[in-house]
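Both of the next two complexes hold chain A, though its partner changes from chain B to chain C.
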Partner chain A sequence: MSRRAHQQISVTKLALLLAGVGFLGVGGFWLYRLMGGQYRTVETLDPESYYENANNLKGNTYRVEGWIGNSLGWNPGKGRLFSIVTQSQNKDYVLPIFVPHDLQTINIQKKQKYMVKVMVNDQGILSVLEMTKP
Partner chain B sequence: MKGCLFSASLVLGLAFSALCPLFAQTESSREGDSKAATGGARPPQMNPGFLGRDIPVFDPGSDVAGFDGKIWNVNNNRLLRARFEKYLNAPEETGEADLKYDATVDRILFLLSPGNPKGPQVEEAWKLLPSASQYESDANLCIALSDAVYNVWLAKNEVGKIEMANRALLKEKSALEWNYRLSLEPETTLGTTNNPSGSSDEKKEAREAKIEPLKEQLSEVKTTLANNRLRKEASILQAKIDFQTLLVQFFAQRRFQHVLIGTRFYRTLFGDGDNRLLALDQIASSLPVDKDAGQARVRAKFNPKIAGRGGSEAGAGGGVGYDRKESGSGGGAGADARSSGAAFAMEGLDFGVENLGVESLVGAGASGLKALGKMVNSLSQLDALANEAIRDVNEGIKAYQFLLEQNELKSATERLFETFAMGEYLPSVRKLPRSEKRRALEFTRKTNELLAALEVNDLTRAEELIRDLGKNAKDFDTSKPLAVVETAKTVSAMHLAKAKAAATSGDRSALESELRSAMEIWPRNPALAEVSGAIFNQTDLQQQALNDFDRLFAQKNYRQIFEDKLRFIAATTLYPERQEKLRKVLDQIQLAESALLRATELAKRGDPAGAWESVERGFQEFPDDPKLNQARAEFTTRAAEFVRSIRTAQELERKQQLGSSLSWYLRAQQEYPNSDIAKEGVGRLSEVILR
Partner chain C sequence: MLSLESIELTVPTVASPLLSGINLQLPGNHFGAIVGPSGCGKSTLLKTIAGILPHTSGVIRWRGRNLDERDLDPHELGYVPQFTCTQPRLTVGENIGYAAQLRRTGEAREIQSVVEKVELETGLTELHNRRAGVLSGGQLRRLGLAMELTTNPNLLLADEVTSGLDPKSEEEITALLALLARQPGRLVLLVTHSLRYLELYDSVTVLTEGRLAYGAHPSELTSYFGVSTPEDVYPALTTKRAAEWAEEWNSSLDEMSFQIEATLSDDEDSSLEKEASDSPVPGFFAQASTWFCRKWKLFWRDRAQVFLHLSLLVIFPAVVTLFAYQGLPAVRNMTMSPETNVVQELRETLAFTVQSSRTGTLVSGLAMFQVILLALMGSNNSAREVIAERVILEKEKLAGLRPGSVLAGMTAFFLLLVTVQSFWMTFWVRLVCQFPGNFLDQFLPLALLTAAMTTLCLAVSSWSSSTEQASLGSLYLVGFQLPLSGAILALPDFIAWIIRPGITAYWAWSGYLQTLKETRFYDLVTAITETPLGPYTLSLWVLFLHLVLGLSFSYYGLRRSLWR
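What follows is the complex of A and B.
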């Protein structure tokens, strides 16, 4: 009798199960993305505040997501400086980010979208701690 | 004496004018500052000459004498000119009285003439003399002649009286001689027995007592006779000399008709055939000659030492000295002229007048009169000279009238002057119509004016006169005076041009020197006042412009400086420091203007941000420029966002908020990608960040 019962899991049920798992996965991913992905625990930078007075944000760590603009400069011993265009309240803001020498292995190109974890350094510059493509 | 002095000065002048050509090379090479500078256009008083101005020089070619910087025509001294002009202005003497006077003189001459059929009528002629002297033209000379004739007659009366006295004395002498002879005969004849007791000594004494008074009386009579003879001779001689003196005086006064009348009277009054002219010797003897004073002498010694040498130098020396010890004055001159290349040097002229004084001049005058007395030693010569002079004067008047007809005023005036100088009182001269004389007067006045104009270097007036004279006088050669005037004008213009150049270059010393030279050559040059006025006005304007520039520069009103840039460029030419300031101002304003121009163009193309940026760049250089300020304000409103980004970026950069500043620059660049200010800001801050 118990053996008959075990054989009663139908294909339909299995398909629904897999669809449910897939739905959960996609939803989770969507939710993951929605929540900030990898640095979802890090506060998103408010560009207006930065524009207003970057010195007030010194030492803070923020998450910035945007498209790489122009390379502003490069010091082989120190790092690279880029502009990144981020959006906030449907407005584009251009921000400078400093990519230290430690992250020289990352190939950064114009118009690439990055999720960046930055810290406002003692110069008021957004210094990249980590960055990844979203 | 005057004649002697004139002769001496003439000889002096001639001697120097003859010597001058010898030094032509010397003079021309040494007078670089005068003759060479003026092209010889300066009148002689401006050219000192190699002997300086201390020694008189006479130019026989032009009858011009120069001394001590002055020139004058020897025919044109004030006294002669005044007399000549008086004559030229006087009416012709053809009135009734003048005609009567001439008729009287002619009548007197006829009465005294040997050709008079009745023989010389002395008394008739003598009676006419007082009536002739009543006329003004005679100047009472006939009265003087009448008195002289009367004196001769008185002298002759005196001689007659002396002769009468002598006749009485001769009778008395005969009586005394008879008595004397009787007194010497023996006493026996007259009965000396009346005193038989007398000794021989007593007899002798008695006889001598009788003879002695007779001897004394006889001696007195003889002496008186001799004295009377001498008195007679002396009286006649004195009368002759007085008469001759009067005639010589008439001759010297050029009263030739009176000379003729006088000589005819003389011949009649002194019919002894003795026509010797004693007056000149007599006058010479009467002069107070001091034989110890010696004679004045002209000393001229020429011992040239000529040498050639190389090099380039010029020098000269001259001097005049007075030796009090030797009572003489002398002049010495040495000339050393060297030109560059082949040099030439010469010296060794010694000239002076020795023993010049009143006594020596009186002695010279006496010697001259004696010499003249030897040349003119008879009244016949005086008479002939007077006749010749009258003929010459009459001929001169005819020549004048002919030349006048030919419109040859120069020659005509010269002939009339010569004629007037010789025969001023002769009828032919006095009767010349005033209308004919006026033309000579006009010419004379103009030539005198020309001389005066040339002496004061009034070249404009001189040129006018020369042209006027050339037009009216066919024989007046205008080429030489015109050449002098034109050359002087050219030289003056050259000096003025140099003065202008000196004024432009700021060489004040050269400016003054050139202006002075131009003024010396042509003091009344109209361009002189114009140029000097322009130079001085220019100086005033320049100073005013400099003051304005300094004020505006201190106020940083560069825009106003730029607006008046032409004025300030001209004014600061001579001042390098101000010139440098002006250059910076103009460069800056030029940049501002370029910025404004570019802004205008960009604004026209719908690029207010670019326009603002262009103006902003100019504004950073010249924040006080009103034009830039105005444009900046205008474009700020038209590109407000971009301007706000840039200004915020700049403000934050100033506050060392590098991140924010850079962000604003990036934002500005995003708003206006061509922004140079944003680009520079980004680059500048990036460099700081990456340093």
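What follows is the complex of A and C.
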């Protein structure tokens, strides 16, 4: 047994400690992505399909990520209509999104990047359910 | 009884053994001197007995038990190193008091009576309130002895405690040690170069080149070496090779009648051993609390240090706010109407880009500035914390201090410091620059960063072998944070993924900026920086892991043996 005054530090213990902290870091990141990723379970909207026939997508929920373009319309009681520029297969697509009145507190400005959860409503418009900055 | 059987000590870097074939038996109630010319292995032998240096072969027994199987209990051993290991900013009474509190249990009154007793024993009563930093060499040696006597050890080892003293002080210390050796069951061993006052010793052990040349009563010393005065013994040692002296001594053992007599029987040994093992070391939290109180006292006693901390506390946040003392600029948005003509849109885009560049850089810079300055404060908190007191720590560890208790005591102290530093930085910057966002959300990443940097620098300090090394290591640790954080220049993707998890500043910067997510400032920052910002909760998690890593490495650094 080693005497108290010259106890050696086990390299194995140190390596295990590093591995443990590394594991916690990677595990934390993985868990975050798994549990906390924004709209992780929501399918990404294919702009081509939307362009081709928006009616086919009615009632579905999608995820859209892109830059806010222009303000297309505004109705104080109903909400705001914006264009959002999204990318798919290295091509830019401009989509209309409708931000309902209950999301009026969000300050939406040109060139802002947003991740948006939308539902294709009865008129084929992308109605925003939730939106957040990525 | 202390028994050394065929002790050998070799180190890979030195060809000849540091100790070879040492056989020695020393009884209790004994005052022995270990003498010899410089470099003969006197201190090495003492450190081997104390367990500081591991012997390569042979057996050391104390009261019949093999110390490799069961080490000396902290209360059994008193070890006074060659160099002073007292805290100069504490008084004599405080130095002894803290040593007593760290080493033995008992009420404050009992501890106080122990302090008074050992002060009386060592003649330090008059100096109770005097700072250790102003004591003379002889007084410091007495203080070192007094600290060891707080546990009333049975084996007291003193390494060159008389060297460098004037003759009067040397005589006083030697006489004091002789007196201490008269207490029941106590063996005192003094390593000394001096051959004066030989009449005070019960035995003299002479070493030459790591071998035993003589180990018996001092009265026979001169006749054995065939010299007229003790001072002639060292020159006489050069007349033969060390191996010859050792052989001669071994062969003469049976013939000579003046060997050291080991008087204690096995029964006496075991009863004394039981008595010694009954003295408990204070618990984990008691030691941690003592270390915290000691640190607290030392902090306030060092006025320069307090002034430095206060200055940094005031100046650093003030420097940050210099860049936005009139508050953050308002953000002008672009026209969102689709009717805007191309020229106007281009003009607006250009203006917005310029604004993004200015305001985004300002906000990102202010966040990173806070982070880096707090990292510097963290480094200043702990960069020299362990290494500056390494000798004291090693000695106290030998006397039973748990490294975990030291770490807990230090952590409690740093927790206060870190909270004040990060609170004030967050508060002041928000107040002057009118940073939007939640106060607590902004305080958390900054507090975790300061805590993480403090513990990481504590780890550097606990693994360094000099203050210069510790300072430089901590400086590099902080210095590399800014360029590697990606806040100024984005790192290439493949490097960023490897490096980023280890850059504390990046996660604090990301976490802080994420608290501005609902504002336009966040948009401007993300528009100008290519480095992606880590999510808020993930940033806090990684900062917490850095803190854990710092604490763990500090613990192992404190635990490892670093006797110089």
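Of note:
By definition in this document, the second predicted complex is superposed on the first by the 97 of 134 C-alpha atoms of A that agree within 3 Å, B and C clash if a C-alpha of one lies under 4 Å from a C-alpha of the other, contacts with A are read in each partner's own complex, and residues count from 1 in each chain.
To be clear about the criterion, a contact is a pair of C-beta atoms (placed from the backbone, for glycine too) under 8 Å apart; a residue touches a chain by one contact, two chains touch by 3 or more.
Since we're looking at a predicted model, the values are computed, not measured.
Contact with neither chain B nor chain C is seen for A:H101 once the two complexes are overlaid on the shared chain.
By the touch criterion defined above, A:G28 reaches chain C but does not reach chain B. Look at A:L126: by the touch rule set out above, it reaches chain B but stays clear of chain C. Looking at the shared chain after the overlay, A:Q112 reaches chain C, while chain B stays out of its contact range. Looking at the shared chain after the overlay, A:N75 reaches chain B, while chain C stays out of its contact range. Looking at the shared chain after the overlay, A:Y93 reaches chain B, while chain C stays out of its contact range. Of the two partner chains placed by the overlay, only chain B lies in contact with A:E52; chain C stays clear of it. Chain A residues in contact with chain B (one complex) as well as with chain C (other complex) are 72, 83. The residues of chain B lying in touch with chain A in their complex are 657-660, 662-664, 666-667, 669-670, 682-683, 686-687, 689-691.
The touching residues of chain A, when paired with chain B in their complex, are 47, 50-55, 69, 72-75, 78-79, 81, 83, 92-96, 98, 120, 123-126. Contact residues on chain A toward chain C in their complex (touch as defined above): 1-9, 13-14, 17-18, 21, 24-25, 28-29, 32, 36, 68, 70-72, 82-83, 107, 109-113, 133. Considering their complex, residues 50-54, 67-72, 74, 333-338, 340, 352, 394, 397-398, 501, 517-518, 520, 522-523, 526-527, 535, 537-538, 541-542, 545, 548-549, 552-553, 556, 559-561, 563 of chain C touch chain A.
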